[in-house]
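Working notes, structure below.
Order as written gives the chain letters A, B, C and D; numbering starts at 1 within each chain.
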Amino acid sequence: MAGLHEECGVFGIYSKETRDLANLTYYGLFALQHRGQESAGIVVNDEGVFKVRKGMGLVNDVFSPEDLTRVGPGNISVGHVRYATTGADDINNIQPIVANHNKGKIALAHNGNLTNSYELRCELEEKGAIFHTTTDSEVIVYLIVQERLKTGSIEKAVGKAMERIEGAYSLVISSPQKLIAARDPYGFRPLCYGVTEDGMIVFASESCALDAVNARFVRDLLPGEIAIVDAEGIRFDTTHCQTKPRRMCVFEYIYFARPDSTLDGASVSQARQRAGAFLAKEHPVEADIVIGVPDSGLEAALGYSRESGIPYAIGFTKNKYIGRTFIAPSQDLREQGVNIKLNPIRSVVEGKRVVMVDDSIVRGTTCRRIISQLWKAGAKEVHMMVSAPPFTAPCFYGTDVDQSKGLIANQMTIEQIREQIGATSLGYLSYEHVTQLTGEDTGFCTACFGGEYPTKITENVGKLRFEDKIIPKDRSGAGK
Amino acid sequence: MAGLHEECGVFGIYSKETRDLANLTYYGLFALQHRGQESAGIVVNDEGVFKVRKGMGLVNDVFSPEDLTRVGPGNISVGHVRYATTGADDINNIQPIVANHNKGKIALAHNGNLTNSYELRCELEEKGAIFHTTTDSEVIVYLIVQERLKTGSIEKAVGKAMERIEGAYSLVISSPQKLIAARDPYGFRPLCYGVTEDGMIVFASESCALDAVNARFVRDLLPGEIAIVDAEGIRFDTTHCQTKPRRMCVFEYIYFARPDSTLDGASVSQARQRAGAFLAKEHPVEADIVIGVPDSGLEAALGYSRESGIPYAIGFTKNKYIGRTFIAPSQDLREQGVNIKLNPIRSVVEGKRVVMVDDSIVRGTTCRRIISQLWKAGAKEVHMMVSAPPFTAPCFYGTDVDQSKGLIANQMTIEQIREQIGATSLGYLSYEHVTQLTGEDTGFCTACFGGEYPTKITENVGKLRFEDKIIPKDRSGAGK
Amino acid sequence: MAGLHEECGVFGIYSKETRDLANLTYYGLFALQHRGQESAGIVVNDEGVFKVRKGMGLVNDVFSPEDLTRVGPGNISVGHVRYATTGADDINNIQPIVANHNKGKIALAHNGNLTNSYELRCELEEKGAIFHTTTDSEVIVYLIVQERLKTGSIEKAVGKAMERIEGAYSLVISSPQKLIAARDPYGFRPLCYGVTEDGMIVFASESCALDAVNARFVRDLLPGEIAIVDAEGIRFDTTHCQTKPRRMCVFEYIYFARPDSTLDGASVSQARQRAGAFLAKEHPVEADIVIGVPDSGLEAALGYSRESGIPYAIGFTKNKYIGRTFIAPSQDLREQGVNIKLNPIRSVVEGKRVVMVDDSIVRGTTCRRIISQLWKAGAKEVHMMVSAPPFTAPCFYGTDVDQSKGLIANQMTIEQIREQIGATSLGYLSYEHVTQLTGEDTGFCTACFGGEYPTKITENVGKLRFEDKIIPKDRSGAGK
Amino acid sequence: MAGLHEECGVFGIYSKETRDLANLTYYGLFALQHRGQESAGIVVNDEGVFKVRKGMGLVNDVFSPEDLTRVGPGNISVGHVRYATTGADDINNIQPIVANHNKGKIALAHNGNLTNSYELRCELEEKGAIFHTTTDSEVIVYLIVQERLKTGSIEKAVGKAMERIEGAYSLVISSPQKLIAARDPYGFRPLCYGVTEDGMIVFASESCALDAVNARFVRDLLPGEIAIVDAEGIRFDTTHCQTKPRRMCVFEYIYFARPDSTLDGASVSQARQRAGAFLAKEHPVEADIVIGVPDSGLEAALGYSRESGIPYAIGFTKNKYIGRTFIAPSQDLREQGVNIKLNPIRSVVEGKRVVMVDDSIVRGTTCRRIISQLWKAGAKEVHMMVSAPPFTAPCFYGTDVDQSKGLIANQMTIEQIREQIGATSLGYLSYEHVTQLTGEDTGFCTACFGGEYPTKITENVGKLRFEDKIIPKDRSGAGK
């Protein structure tokens, strides 16, 4: 709602022997759950038979023990968790997408967002193609299948498809006999791989998912790299590497990824602590305690505390029981002060000058509510520190904010925002420092902070472009 | 299990004004429920927006009041109930099939089975098409979409597609602005239309669905006829009529259709009574009462009674509460005599010579159990009369029996069957009379009784041809 | 809604060895499903451990295979199906009622309705009892438990309790070691027993449930009789027999019971045929066909046909797929003629003078709708025959109609009713004949036809007496 | 499983005007969810009509918006969340317990556990009472109802009942016109009250639930105090105060309660920080970082860090998506290192001497797994600090551990435990300091650490005493 959302997580395993891959994929996806909570899917390839289980909801909810048993054994698996970016929350859009074809089938999981998919889709439809989803991922599937008919090789087909598509994509693909992973030439989204003790090769959006299945992290895929795994082991196609500048999403470090993950060689936890330390340098204040907004503001708060010398404290209790079926308080009850998710700890903040660190202010409403609770709990001052620059421009590379309307930083000055949220002072991380969170600036996408868009942006890149244009207002649903 | 199954029912409405068509389609499908109990779907076209609700199960179970409200208003609707014929019970296979395309979309409901769909699908895949279902109906959708790209007209596209496809099909199709119905040139499956008092045009597999929505029956579509309804009213394209001999499925009268329906001008109830009367002439016996096996044997029993003069009686009580979740007795309990569905009425049959009429003997096990109950209830003789000829050959035109193995009449003589089922005597309706159930023989498909197959039959026409060949053993599922 | 409802069915088994009684009880209850569709319960007594499964809904819906396995084995079982008579549809009210007590426990299933339960409950509460249900059955449980504390014997306790309670009751009760069945001294409700081939003793409301589990019918319990089964076999206590006149509910024959059941020695099917024959004598008409309203009017129609010589016909097709979740048409759609449950067969009734037989007219609305459909289908005359006398007085012995308001026969003359329902003529079975449906009049309760109430009726006997008085408007619910 | 469980949370509201109390109670219970996750219930008293909604599961899952609307308005409400202590997880046992009685009804919510309920129940049953649950709370209900019959006053009845029952109880009770709260004379369990801006009086187990509904905390109830709220306001009965020594459960501070709650005047957050500080004094080590095991170890870790001067760090990422339907890894997968809930952050712990603080070691298995992950992530030393003394004796006052078997501290020396869990060193908080967590020792129950049991303990106090003794092995269930 009032937050940013990462879009998706991808996962894949290759095993030389037939094993119960559904279970391992389940735990891998569970570790990537923070990257997408709307739907999940697992495809296990058992000697060319693709066994599928997909559904709306959390990994917990989608897969029953019976499902895992049924999908169970195989030697290749592909998994996906999704927060809808393109394509409405239609169950047809749940990934991995499986395409059956008499020349072979593929299952594909995609993290990211293409910026030329509308044009590609129209072109394919003009030639007689029929699309069943409203996702840009199906465009990739179509291109791969058609290139494969031409080239007769799945690997070449993936490479050829990469020449046509533009934007952000980290892909994990199963053909009947191979597991293929690919990352776009800008490297917008992370993708790494590891090896288990018994030799299985595992791809995942974040290294925390390798930890989950006890796979040793080997390395991140390079931007533009294709990895192919089959009975002969893993090999790499670097044809598309270094064709574009590196443009890793900096928000992966600030907010999306888990603090225990390492992305492109840098620890997320450390990047966040560094963000806090930069903030302390840029916005020093006199205060009694530093607290973080759980969960993603905690590391930055610790960084601020260490740099500034102001003691770190635990300022909030978070109610961890909010589930899908939670009944949000009505506007009326909110105004009466009904207070459900975060409660400040009065004994900690009462009478104190408080520095509070969070990772972003999107619309400002949540921030305002939290700060007002601190005042009510007796805080003497509330200095709000944001561990990222103001978020001013839409993202077209796979996050949930692809329109600039509704972004508070796009409409107000920092002073106006401060007033709006009711803080004593307000500091944002500088644009200069945000590119140094992992050390030297190695190339980041900072489009959402007003930086340059790495790819061409047309008018057809919005999240619901296919819904808006091709099938306006359509809502499909099968199954209850 | 031990019975024959009709495959599908189709339904469609065109209204000049926007109305709540989801409700009417619900009641129409409910009246066609006997034609398919595995899944159901409704698509309402609301000014070009196709609102869809599909699901596994009975009409009752698939649609909630909220679903009907959501799908609700529009001016065209298409509905389908399905007993899987081709395509395993995958939810992707639920109809109507909706294809989105930037040159327009279509929703299609199909009753019947093509006999050349395997070849057509391979041909389309070779050109780069990707199929998402394992139904032959999607082949029709693809052909229509591609012909439309060429001709620019949905009506012409349907006609062109009919030139490519072979086999049994009654179709109801919505384009953004038109409702189109079409029946294959042999007329294997029924399709009729009617008009409501306020001018809506309704298509349905059987006239009982017109009764359900209080539409006045106008006429059956001719074999090969295409009906097009749009803002200017209804018009007909008879280009493909009379290109093939009429081959209406005779089992529609004997078993599939509801007795209150009229198909191609003939009452189903009367056809069944006539079957009973023919049986009485062909197989006269001395007996005290004539009873029918509920529900489809009752009319034939009455016909036998009237022709023979032997009194009609109600011999069984049927438990009407068996639902989807009923727990069938174990083999063990069955052998202990646990008896759940039909119970003979002892006071009716005790000490009597009984003529029992049913519509078919497929594997013989059910029939044997019922007869043994009659003996236990004190019957003195049990004369079994079947209101159809022996079922000896597979059907490839849309019923559930597409293999000849398992058919008792294919493996035993009539005397052996009689012995197997434990009857005093056994009579089948003659092949000669079965073609006269509606009066003069106007042309029926009698392939399942050993008659000729009207179309070419290759090795690729079996029910699960796409599962067996293209995606062996694959079982997909989304949603719980 | 517009119909009468039987209230409950009871079932019990005693086996010397431990067996899977849950399954057998399931099939027994399934055969009694017509006696109660709102809830069902099974208690299996496994060496003094009472394993319980209860729930709202049909037998189909309440019990899963896992439930039956869990409840599974034991040597005594008690089952119940319920259509709420006293006690709102609260899940606490689902039977069998189980009472835990350190001096032993009991499980009790009750069919019928007490007429002095309000007074007894108040008396018990004054002494400190707390009731958990709003059923009169819990009053019986309390009396038995308290008498048992005094007498130390469950058998004596049942007899003592019978001296306190008044009204209609057929009971099946399990104590830790015994299965006890009892029928009230008037014999309002049926109760019979049988024996299986391997020696289990089975009690059931109707003999059709004995057939279901392949138990041989032995005899009906006498009014007032108590049967006790334990390791030593079955024995009977007839102390309370013949203390009251026999008052079997005549509506059990006309409507409630299944036609394949035998109650107090008389076949239900034959009683209904006899009702039809009496009607033909009382109300002869000139007509072309006699049709019955499915399902309970069919036998009476056949009886009318045989007596009158007018041919019997099958006049309606009934849609058998209506389930719990069926969405009834709105008033609006009903007025547009949407027609869901019964459809007349035009080819049968068109141009005919029709005699239509049904078992009752409660409010008249359903009857009126059916007759209007016959007119629409082309009937020339519609002679309505009702196989019971006019229903004019409330029933307090366990059916659903305990108020006289809403009963059409209580408000209009027969001629007015005829006009209201739109029939050519209308005949009711005479009060004289209704007591002869099973042969000679052996004593029936005919209170609902204006006969005498066998027991004292106070103002506190209505269906919701405990809801209305003690816990007005309260609606409880646990579990979703 | 391997953890301790608090048993229950209670909540109640009195409003002079009729208001939507179901919603407020929902949010109050949501704030108390950590005190019981197995079932939840709300009873709203609307002018004497008690509207009930109860169910198994989290507050989220039990109450739908429709439930809240149905139960909705009233002027008194009582709510309960429960982790089964006595009484198996039977839905009949879900609280609040509602008793209907013609002399008035009550709804009761109970947190705690009686130590003489077995004896009281037997006594009541001997006099003819029938119990419907296996909870000791129903014993309280029975006593209150019976005392009320004698005294005619609900307030006096509560007081009289308190003279009979022994053990731990914090009660919230609604009679038709009053809301009553009571706390046992030892004060084992917390109970406080507050007032909302518009004058509603709110009782809750913890002050965080007052915060949730924006009620101002007024004070804790005294041990033994009864508070009565009706139209005339709130009044107190202190007859039973100071009849026993104060014995507040010290584990409420260490583990059960939320850090943002204040219990008997002391902040839980501060008590935990103080525990950490005591640990640092008792068990000083040389180390590089101090980390806490989320969530309840975090405050103690911070206290240790501040006292010792060793930097605080965030050492783990916790996966917050584990829900009820999560499929736990098989033993096999656990041994392969599948790792789901807590993942150490390698960049934080690698190469470091780590102090890790947690609140308890129950069986040792979880602790061992976490420590082994730290080793794997590169920790150089792992010093385990437990913010409580060894847990050696069962608790009979309302927690989940009422048997001493399975408690690691009961079977091993500290050195053996250290070895078992694989830590470099292991320190427990001393018994001396644990009573000083809130400042001076004001009287705590420390029975579980080997202290004295404040009440008499017989052999009949175990958690499942009624299941074990009265209804062995019985498992009931209604509703799916």
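The criterion applied here is as follows: a contact is a pair of C-beta atoms (placed from the backbone, for glycine too) under 8 Å apart; a residue touches a chain by one contact, two chains touch by 3 or more.
Remember, predicted model here, so these are calculated numbers, not experimental data.
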On a CA-centroid basis, which chain has its centre farthest from subunit D's?
B
Rounded to a whole Å, what is the gap between the Cα centroids of subunit A and subunit B?
48
From the C-alpha centre of subunit B to that of subunit C, how far is it in Å?
37
Note: subunit D sits from subunit B at a C-alpha centroid distance in Å of 61
In subunit D, what residues contact two or more other chains?
64
Chain-level touch network, classified as line, ring, star, complete or other:
ring
Pull out all the chain pairs that touch, please.
A-B, A-D, B-C, C-D
Provide the residue numbers of subunit D that touch subunit A in the complex, in ascending order.
23-24, 26-27, 30-31, 33-34, 37, 58-61, 63-65, 68, 196-197, 208, 211-214, 258-260, 262, 267, 269-270, 295, 298-299, 302, 306, 311-314, 316-317, 319-327, 329-330, 333, 336-340, 343-348
Within their complex, subunit D touches subunit C through residues 41, 48-56, 62, 64, 70, 91-92, 94, 98-103, 105, 121-122, 125-132, 134, 141-142, 145-146, 149, 469-480
